[in-house]
Amino acid sequence: MKGFVRKQVVVFAVLVLALSVSPFSSAQAADAIKIGGLFELTGFLAPIGKDARQGAMVAIEQAGGTLMGRPLEFITEDSATDVPTSMDKMRKLVEVNKVRIIVGPIFGGSQDAMGGYADKMRVPVITIPSGQNSNILKNKWTFSAAGTDESNGYPMGVYAAEKLGYKTATTIGSDFEAGHEFIRGFALGFESKGGKILQQQWYPPGTTNMIPYLVAAKNKADCLVTWWPGRDAFAGFKQYQELNIKMPIVQPEDGGITGNPVANKHLGNAVVGAHSTVLYSYLAKTTGNKEFVAAYKKKYGVLPSPLAGAGYVSTQIAMEAIKKAGPDSSQKELKKALIGLKMDTIHGPLNFNQWRIATYTTPIVKISPELVPEIVAQYRVISEVVNGKIKYSLED
Amino acid sequence: MKFNKGQLLVFTPAAVLVIILVVAPAWVDISILSLLTKILIFGLLAMSLDVVFGYIGLWSFCHAALFGVAAYANGILISRFDITNFFLVAPLSILAAAVAAAFLAWIALRMSGIYFLLITLALGQMIFSVAFVWRKITGGSQGLINIPYPDIGIDFSSAGFYYFTLIITLLCGIALHRFLKSPFGYSLQGIRENETRMIALGFNTWRHKFIAFVVSGAFAGMAGILYTHYNGIIMPRGVDMAASGLIVIMVLIGGAGTLWGGLIGAGVIYMLSYYVSLVTPERWPLILGACFVAAVIFARGGIYPQLCRLWNRVITPKSGPANPEEG
Amino acid sequence: MDVAIVSILSGISSGVVLFLVAAGLSFVLGLMGIVNIAHGAMVMTGAYAGINVAKASGSLILGGLAGALLSGLVALLLERGFLRNLYKLHLEQILVTFGFVYIIANIHLWVYGAWPLSAYVPPSLSGSVTIGQFSFSVFRIVIIVIGIVFCPILWWVQDRTKIGAIIRAGMDDPEMAAVIGINLRPINIAVFFTAACIAGFAGVIGAFPLGGVNLGLGQEMIFMAIAVVVVGGVGSIQGAFTGALLIGVCTSLAGTYLSKAAIFVPYFLMIAILIFRPQGLFGKS
Amino acid sequence: MEVMKVKSLAKSFGGLSVLTDVSFELKAGEKVALIGPNGAGKTTLINVLNGLLSPSKGTIHLLGKNVTKRPPYDRVGLGLARSFQVSSLFPGLSLFENVLMALTGVQKTRYRMLRSFVSFRDNNQRVRELLKSIDLLDKQDLLVNELSHGEKRRLEIVLSISSRPKLLLLDEPNAGLDGAETAGLINFIEDLPEDTTTLVVAHDIDFIYRLCSRVLVLYYGKIIADGSCEEIQADQKVRSIYLGTEIK
């Protein structure tokens, strides 16, 4: 019986250890300034999530690891492109690491889900790349560092109607919420300039054969509006080229592909001539862009993708806000600082309005025969909430 | 069932584990607590699956979908119709899951074995597709978001919700345990062992399977309700065949036909996933896959029976026969 | 008109790829009773390796062979190393092969990185024919032809050759086959190996209709292949062929005319078949 | 009145017809043997009678009710039970649970979902009696597949009689039993309540003599003779086609 008791004690001890061992008990400098980063390092957004994180790291390095003489801690987590995981990791960042502000994530689902929690805990979330309307309207601590999905889609609509002179458009989009919002944004811009949407198609996730949708568009519009993110773009562009569709492609957002020279290399000449709104272009002639591109290239050996740029900017915003509010400020002051923020970034002059939606310079690129996304136009979209809906207009 | 000291000893690990779970919030940090909550929820789901999977031997591949039906019902009632009272919403959601289960069973019980697996897989994907396409109600790919903690009159901390989950999971577990120990529960084992004989003995086996599937679906629904409150969100991604597959894996790793094995399986999978993806997120799938293979090679029949055998050896110097029913 | 034609043709082209994948799965299931969830991962293995070889060597044939061979070898490893002890243990098989889906996909992430890989199109086949207002790739037509040629060949092997007779005997009644002195072991291994080879080859040429390959290919392919087997019937070449084309064409027509509703097509077909003809269109009851 | 009434029963699988035209009646308390050469369709007949197979033609009346279309479990409810030629037990369960299961089959308790299976006192009592009657009581906690062949056969019979059937169909109950075991089996069947009607499929003639008062001869799907053992033995037709091959 004695032996048995001893055994039980051992079992008990082991289980206790197993449960109570926590990897986060590493002692952290008491007065350190803590910023959390939440990036899609695994899951279906993994490629662009990595870029965003790399961009963020460059921003931190440029800050030299300190902020106003205080040690700067940038704690990043993998959200796994998965809402539950994002929630867990955010809880951990906020309640364990006690971060003051969070950069990321990219995945709209995660942003939306985290918003409510962010409000509860009064932790600002600087999203990459862009918040969704529902998210912005609902969650008072979520900041869209790169506008909303609609505000990103908007300028392409204007450009297509005004500069490219298209009268009619037909759309093909991935049946994800983000897809619906980008294309709605395009439609708003396009119709505001007298354009007309003839037909809208949504393809289910995991569609590898885009031809049924491409042929259904029947070449009957002036342009083909597509939002096919990530690997869908590979099927999309290749089969668009194969069918020799007459309608030129315009993208209300590049889906993490066409704005990225690396991706274009993988895609080949199928993308040449396509127009696309990108969050950021490494060719942009904006303040500090040269330095950023240089630093990024030096660190990672490739040109920064749009998401890398967005990650960089969002992180800068986080640091700038803390500077402005002061290291020992309350969360409320931090939020105020963010709303009043005005800074010159690689996104051009950037500021948040009272609805926490950033106004910044959105480049529109055209893919050159050398597969370079060359900037052909730049717009600044102003988003305002008018009785529960977001209205868009162009800054002149 | 003679009740001697040995019998009592059999229960000690369970008791110890429960005690640990009860005092856990005192030591562990928030993310571990959240992890434990998740394990309890999916443990309950796995246990509900085991009723049909392990005890009848119906290889259901749609339990994430049944779980999803209740989760969505819960989310829709709360976020679309502002009916928040837990004691009103939960029964309705469970009812939804049970009805869905009844319908699926009515179709799927024409098959058995691998074909039952296939048709339930397809039916589950149907439910997933509806959740994905019907944007007005289900919120499409984004699902339903910002679902608050259950409204039972007190407001929850994450620890509070952990206890809420713990209590419900244990109660459901005990209920299922009793259910499986009842004449009806045994009849399910009888069907697994020898259906023809059961018929010849006067059992209407179709009805037994049908009822069992509905019961199982209802408990899966309970897990789904807890899940929406735990996550504050339910998305199609969470109810597709990959999710169903993971639940099956939990049951198999824990030990099919052992009820509590489901809880163990969920624990193993999520503990691993948590700690591994801290070390090397990119390699997590590799290790997960390796675990499946290892489970088959080293823990055939599941971990839980192995543990029971081990414990029996501990408490009886001359190793008596393992008794996986206890624990 | 041309809209429908091109849509259907594209459906056929992805259908034949599906057929090449599903045929192997169907045989392995019929003969060895193994549900090889990792069969889709074989497609991916072959595709990544084969396409890289093809791009390097500039020869599709070489690439196809390389892909087929690698898939075959991986499959051999899987069968000899693990599955051979798991015959008739469906659940264990599913667990192990499911595990290998993850393992193989993650190894590919390791080796090739996360970017999708676009298909290799031999310059000689890069031309295209015109169908109404659209042009249609010659390579796609060639792929359709390859698939359609494969069907009678496999059917002939199964139906007219000695090895085929043995396989059929093994499917109908392994015990009996054993009694009359047929050793199924080598047959099983051979079938498992060949099935994977065909899958790998399918991956290399299929990359084109699939719009390039990516790390999710394993899961996607296996589900579609299972659907095909269910619709067509286990262990039947004609079944796999009909089922694959049915699913391929229905899906693309649904895409053209019903847009997002296309998502329901494979599941709907599966359920309908399982209810009204559980053994599948060409399966033996 | 007759316990079972079978009229012009026929059963064919695809083209092959196993039972062509079977008609007979069983009176209460009769012990009847069903004999016939292998492939005569004895087991098929049993399967049709208890409903595992549905007849292609003809009707079956059980205790006056027409059960031709009723599923097996309904017939069990009416008082029909059967044993299997190859022991058909629950290998994963203990002897005790096996018998208990058989008991529950005809009780409402089979739908009880919360009370424990082994908490029904009178059931447990009866199970012990039954196990005692085939002296396996001491092995009640063993798993079935730890039993010897003879023990399995005895358990098989007990499972089929545990529901106190009015009509008992025994499919070669003595298959593979030695003399002593067979004797035990005969006593066991004779100890069944008086009103239990029994239809036994058997080959072994003295087994039939010692147990049955009446014999049905099934020959390629037809009942070709029906009478007392003596009459059957006297019957030329039977002698020529059947007993000739069997009698020692």
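We just call them A, B, C and D in the order they show up, numbering each chain from 1.
In this text, a contact is a pair of C-beta atoms (placed from the backbone, for glycine too) under 8 Å apart; a residue touches a chain by one contact, two chains touch by 3 or more.
This structure is a prediction, so every number in the text was calculated from the model and none was measured.
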Which is the least count of steps on a path of touching chains running from chain C to chain D? 2
Farthest chain (mean CA position) relative to chain D: A
Of all the chains, which has the CA centre nearest the overall CA centre? B
Inter-chain centre distance, chain B versus chain C - centres from mean C-alpha coordinates, in Å: 33
Centroid of chain A to centroid of chain B, CA atoms only: how many Å? 35
Find the geometric centre of each of chain B and chain D from their Cα atoms only, then give the gap between the two centres in Å, rounded to an integer. 42
Flagged in chain B as touching 2+ other chains are 129, 132-133, 282
Among the residues of chain A, which ones contact at least 2 other chains? 175, 204
For chain D, jot down the residues that touch at least 2 other chains. none
If I apply the definition of touch given earlier, which pairs of chains qualify? A-B, A-C, B-C, B-D
Flag every residue of chain B that touches chain D in the complex, lowest number first. 1, 178-179, 181-187, 189-190, 192-194, 196-205, 215
Taking the touch rule as given, give the residues of chain A at its contact with chain B in the complex, in rising order. 4, 7-8, 11-12, 15-16, 18-20, 22-24, 41-42, 78, 80, 82-84, 87-89, 91-92, 95-96, 108-109, 112-113, 115-117, 132, 134, 138, 175-177, 180, 204-205
In the complex of these two chains, what residues of chain B are touching chain A? 9, 12-13, 16-17, 20, 24, 27-32, 34-36, 38, 129, 132-133, 135, 139-143, 145-146, 148, 158, 231-233, 235, 237-238, 271, 275, 277-278, 281-282, 284, 314-315
Inside the complex, what are the residues of chain A that reach chain C? 44, 46-47, 50, 175, 201-204, 206-213, 215-216, 218-219, 230-231, 234-236, 238-239, 242-246, 262-263, 266-268
Touching residues (chain side chain B, partner chain C) in the complex: 59, 107, 110-111, 113-115, 118-119, 121-123, 125-126, 129, 132-133, 241-242, 245, 248-249, 252-253, 256, 282-283, 285-286, 288-293, 295-297, 300
